[in-house]
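Below are structures written as structure tokens.
Next, two complexes with subunit A in common: one pairs it with subunit B, the other with subunit C.
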Partner chain A sequence: MTPVVEFRNLSVRFGDTEAVSDVSFAVEPGEIVAIVGESGSGKSVSALTTLGLLPSTAKVSGAVSHAGVPITSMTPAQLRDLRGNGIAMVFQEPMTALNPLLTIGTQVAEGLRLHRGISRAEAAREALRLLELVGIPEPERRVHQYPHELSGGQRQRVVIAMAVSCDPEVIVADEPTTALDVTVQAEILALLRRLRDELGTAIVLITHSMGVVAELADRVIVMYRGEVVEDGDVFELFEHPRHAYTRSLLDAVPRFTKDVRPGPAAGEGPAALQLDGVVVDFGRFRAVEGVTLEVAPGEILGLVGESGSGKTTIGRVAVGLVRPSAGSVRLFGTELNGLRGAALRTTRARAAMVFQDPASSLDPRMTVGDTIAEPMVLQKVGDRLLRQRRAAELVDAVALPSDALSRYPHELSGGQRQRVSIARALALDPGLLIADEPTSALDVSVQATVLELLRSLQRELGFSCLFISHDLAVVDALADRVAVMHRGAVVESGERTAVFTEPRDDYTRALLAAVPVPDPRAQRKR
Partner chain B sequence: MTAPARSSADERLLAFRRNKLALVGAALLVLLVAFCFLGPLVYVTDQVHTVLEAARLLPGEQGHPLGTDDLGYDVLGRLMAAGQTSLVIGLAAGALATVIGTAWGAVAGFYGGWLDAVMMRVVDAGIAIPGLFLLVVAATLVTPSVPVLILVIGLVSWLVPARLMRAESLALRSRAYVEAMRLAGGTGLGAIRRHIVPNAIGTVIVNATFQVADAILLVTYVSFLGLGIPPPAANWGGMLSGGLAYSYDGYWWLIFPPGLLIVLTVCAFTFIGDGLRDAFDVRFRERA
Partner chain C sequence: MTRYVGVRLLQAIVVIFIVVLIVFFLLHRIPGGPARGILGQQATQQQIDDFNHAQGFDLPLPVQFGRYLGQMVTGDFGDSYVENQRVGDLVADRLPKTLVLTGLATLLALLVAVPLGVFQAVRRGRASDHVLSMVNFVLYSTPVFFLGFVLIIVFAQRIPLFSAQAPQGGTLVEILSDPRGLALPVITAAAGMIAVFSRYLRSSVIDNLHEDFVRTARAKGASEPYLLRKHVLRNSLTAIVSMIGYYIPVAFGGALVVEQMFNYPGMGLLFWNAAQRSDFPVLLGVVFVIAVATVLGSLLADIAQRLIDPRTRKVTP
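Showing the complex of A and B:
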């Protein structure tokens, strides 16, 4: 049997950097091959080669062939025919993969008419059938809708419908579920599997998530710094990883543990944060609906929820960045509502925040040293020398080299930037740290080290922490107590082990069931 | 703390130098400044007293390389003196417009809400009135002098930078580092000063070069209409309009030299602006 896609000694260079070096593997018909790796491992570049989508600056050697025909030497006309008919692509972000000005029916039909040359009416009928195939409810109504009227998961289904429309032999899916919530992710993965079973389409799945790999793949290719370090059957690879990098990748994946950790040292004084019946409206949209929760002194509260659940808004309400329309917010016993000017500034300085996006959390024009010292400058703490000394201590505490002080953010990696962000947050010795998805933009191995850092700092300094995340395993690794948010309300809260092992609420159960576990055998049983 | 802080300044310089047109612009500007400010030290002429018996001499006659105008002023020397006025007004007015516009736009964009609405309606209203019209009105009310022209041109041309800066400010105010700073007890004006304006500096500087070019043109227009700085002071626009009266007599040396210098100066600043845009773009090209 000829492989549908075959890489033979493929190398891709951009200027002096070798993005992909000497990669060889083949994808058999109907096979799901996952390419796993962290950012910069060359996994996306390899995938783009199969569609001839590399920028002109790339220097390619070796060959990628589709059904025995080398793609790397195809003419533009041959490439157009290949894309869609032979190999189709599903991108990470469904919103940008669809044209916001065209109805989804038109967009699905467009590919059909281009590649199959069928009439408008036939294409419309075929589009309807495809939308039904990918599980869009009420396709007759949906074909007339625009992308913004669909949810993220439905949009990704439309993109998948477009990908399978011309019956390709291979679908290349580049992080197809990374932008989606975990419950939606589970549905999309199930859809991809079903399409493979029904249509016999091979799938090349590019992902950074070992959980997704375990759920879907037949075979796994692990890439590291442009090279394939391991290639093997999914069960074999998860149970007996041969390469050291694969092992470290698997070890870094946060897993649910049933172990009982020592609880927080009981702190004294008022709760670090107390929300009582908080309601937040953005115009006519109610983002938070009567939330009551408390972060005790010295405790880490994990706030879990999917996108749009209002969890980020809660974090912002806690420090007065968003004002609630009703309810009370107390920071160390002081009511934030009604505070203005200098009084608000001094009160909220007792809390600090670590943000999600390492790219925007640091001022690109300030050195790391200045960034960390900024809160002390604002609060007029000490003199210049003392602040410099403190900044040096903090850089050391977050395990960055001391020469990082004079560096600029663009010289740091994502994980290093988050460390700087944590150091800045700790500069004023806050009683409460609010961490809003601090690791979700990081690679899994980096995520593990940042989480470890947060945990050890918290143990050492004893601050309270509101840890906001969509990732249940991450919250499980860190939190003492957990609160689950759904559609603006807290549906369940309690001790970590209680919530995660004996969830009482239906939504919590659905959330837990949808988490991809990095264990192919457990995953297939579901 | 020993490792050298490799700022992006070097990369920026590199990007600027890659833009050949920008290099041409920079070279032109250096030559023009040298011509206007150093030229008179080498080529001394009397630009105050009229010499009517030496009026309208052809280029080359009686030791006047570019001839003389209708009042007997040496044209080459006059180009230098006039250039000083044009460049000074252009640079100062451009700087004034940039400063006012940046501050106005930064505050409007950062605070948003009704303040933004009011401030930007002021800008809209200002843009609706032609700047040239305001200049002409101002020139009839007060006698134009260099400071007056700087002030008036600065006050009519801050609107565009204000709009640009507002857009930048709107985008930057929700950056996490701005919020982190506010959480640590920073004030709004502090955030504008420490984070918003420094991070918009690329846009501001690029626009400033275009503002200078525009200001030089505005001085030219006004002077051409005869509402510029009164004689014996000179500027290129005034020379152009003086020369135009004799265009049918074939006195080309009264028209082409100032016209050419105006074109060159405006081009120089525009090219530099283009180059700076490239230079600052490098910083926004996020590293993966």
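Showing the complex of A and C:
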């Protein structure tokens, strides 16, 4: 059989950098091939090449062909004919991948109208059929709705419906579940598998997640710095990774462990953070519904939940950024409710936050040294010299080179930037660190080192930590105790191993079951 | 939607009240007052006092303001000091003419700016884009009166294509039936708008061209003209729609100069003449109309935005 997509010695250059070098592989009809790699590995550039969607600055050599026809030398008209028809694409961000001003029905049938020239009435019927195919409830109502009226998972189903509309031989899916919650991710992966089984469509799956690979792929291609370093059967690759990079990638994936870690050194004094019956309303929407939880001195509490569960709001309540409508918030025994002005600022200074996206939480016009010293300036701690010395200490503590002090955020990598955020958070020697998804924007190997850093700093400095994350494996790797949030309430909390190995709540069980485990055999049994 | 409009109308009334309040007190703080302006330099103090008493200007300002408000809500804006007419009648006569002028100018501006902005966005970074951007900046930075003079010299005197005098007819029909006279005032008023709108549209189209949904549509096999028409332009126009609403006060400001320049019998000319002669009731009346138009403009823009953009409508999950 002719492969549906074939890469032959493909290289793509942008200026002086080679994004993809000498990549060769083929995708057979009906096959699911995963391309894994970290950011900058060239996996997305390879994906865009299959549709001729590279920016005009790209220099391409070698060839990518579809059913034997080279895509790289097609005319614009031939390319248009190929796109959506022979090869379709599913993108990462379902929130922005749909036009906000057009109805779902119009967009789902758009490809058919473009390629088959069918009538409006026919297109409407087809849209309905496609929405049913991808399992969207109430398709009759949904066709007339606009993207903002659908949830993220439903929007991704719509994007997939568009992709299969013209019955393509291949779907190229670029991180199709990265922006989604784990339970939704599991559904979308199941849908992709079902569509392959029913329609025989081959899928090229671009992902950074070994869990997703294990769940869906037949074959895996590992890319590193633009090159294919390993290409093999999914079971074979997970059990006997040949290349050192593949091994390190697999090792970096956080896994559930049953091993018992030494508990936190019993701290003294009042709880670092104590929430009692906290309720938060945003207008008519109740974001948090009576949450009671405690972070003991020297303890790491992992707060897990999906988007909209209220976990981020809890983090903001803890430092007084959001005022609860009811309930009490105590930071080291001091009630935050009712505190204002200077008193609130002083109390708040005992807690520090690390945010998710280091690219946007650092001021691009401030040097690393100034960024780290800023909390001390705001709290009027020490003089200029002392602050500089402290910043240098902190840079050292988070294992950044000392010349980083005079650099700007854009000169640093994502992992380095997150280290700066951590250093800034530690500037005032806080008793409580609140980390909201601090590693979610990072590659797995970087994530592993940042987690390791957090753990060793915590052991050394003994601060308490509220660690907020959607990633159960990450929480498992770090937390002493775990609280699970669902729809604004804590549904389960307890010792880490207890919650993760013997969950009592149905939602916790569903959440755990949905986590893609980087083990294809275990995955297929589910 | 009804509730939304209701709340916005209430806000509008408050805003208009505050505007009238501020302008009223500012006008009555002008040294000399209207008496000197109207009665002239030769008037004796006795004559001025008599005038002030007759007009109620010797009463405390808040009382005067109360009186004015009381008349205003009944639709009575007082009489012009200078012309022997009621302010309401003057404004009612001039307002439609100004609306025709600014309306035509806005229409012309859109007809030129939309294709121009899209063209520049598509050709961004190329020579044609740079040249057009330069023309744009020249248009934008040219003072209206100067542009008007240049246009008159070139298109009315050197090449007598149009008339340097605006239509003088008393009715809208007479004005509209004189396109040779209308052309230059409309073009002059439109020039600034063309520069702003096309600049705005250019960046809006560029932003939208980079949107994920445009990439999605491209990956479906859509051609570039189709993408522009179906996905980019509508998303870009929402921005322009609200811009037009907020542009109303600027357009009136432009009309002030243009009308004076071409002797166009609109509200701008009325305002200009009234300001020269301290004709306070007329000034207040015109300010009131502009305040209403401004508030109404932004309200209409917001409503239009809601109609175009489904995201601002009520969510039905």
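Everything below uses one rule, namely that the second predicted complex is superposed on the first by the 526 of 526 C-alpha atoms of A that agree within 3 Å, B and C clash if a C-alpha of one lies under 4 Å from a C-alpha of the other, contacts with A are read in each partner's own complex, and residues count from 1 in each chain.
Criterion: a residue touches a chain if its C-beta (ideal position, glycine included) is under 8 Å from a C-beta of that chain, and two chains touch if they have at least 3 such contacts.
As the structure is a prediction and not an experimental result, all values here were calculated from the model.
> State whether subunit B and subunit C clash or fit side by side on subunit A once the two structures are superposed.
In the superposition, subunit B and subunit C stay clear of each other.
> Going by the contact rule set out at the top, does A:159 touch subunit B (first), subunit C (second), both, or neither?
second
> If we overlay the two complexes on their shared chain A, which of subunit B and subunit C does A:84 touch? Say first, second, both or neither.
A:84 sits against subunit C, while subunit B stays out of touch.
> Quick check on the superposed pair: does A:273 touch subunit B, subunit C, both, or neither? Answer first, second, both or neither.
Touch partners of A:273: none, neither subunit B nor subunit C.
> Can you report the vertex angle at subunit A, computed from the C-alpha centres of the three chains with subunit B and subunit C as the arms, to the nearest 10 degrees?
That angle rounds to 30 degrees.
> I want to verify the contact counts: of subunit B and subunit C, which reaches more residues of subunit A?
B
> Touch test for A:99: subunit B only (first), subunit C only (second), both, or neither?
Second partner only.
> Report for A:379: first if it touches subunit B alone, second if subunit C alone, otherwise both or neither.
First partner only.
> Where does A:111 make contact in the superposed view: on subunit B (first), on subunit C (second), on both, or on neither?
second
> Check the residue A:352 against both partner chains and state whether it touches subunit B (first), subunit C (second), both, or neither.
In the superposition, A:352 touches subunit B alone.
> If you've got the overlay open, could you tell me the nearest Cα approach between subunit B and subunit C in whole angstrom?
Minimum over all C-alpha pairs of subunit B and subunit C: 5 Å.
> Which residues of subunit A touch subunit C in their complex?
Touch list, subunit A to subunit C: 51, 53, 80-85, 88-89, 91, 93, 96-102, 110-111, 114-115, 145-146, 148-149, 159, 162.
> For subunit A, which residues are in contact with subunit B within the complex?
Counting only subunit A, the residues touching subunit B are 39-40, 319, 321, 345-346, 348-349, 351-353, 355-357, 359-365, 367, 369, 371, 374-375, 378-379, 402-403, 405-408, 410-411, 421, 424-425, 427-428.
> Quick one: in the complex, what on subunit B touches subunit A?
1-8, 175-177, 179-187, 190, 194-195, 198-199, 283, 286-288
> Give every residue of subunit C touching subunit A within the complex, in rising order.
Residues of subunit C touching subunit A: 211-213, 215-223, 226, 230-231, 234-235, 238, 308-311, 315-317.
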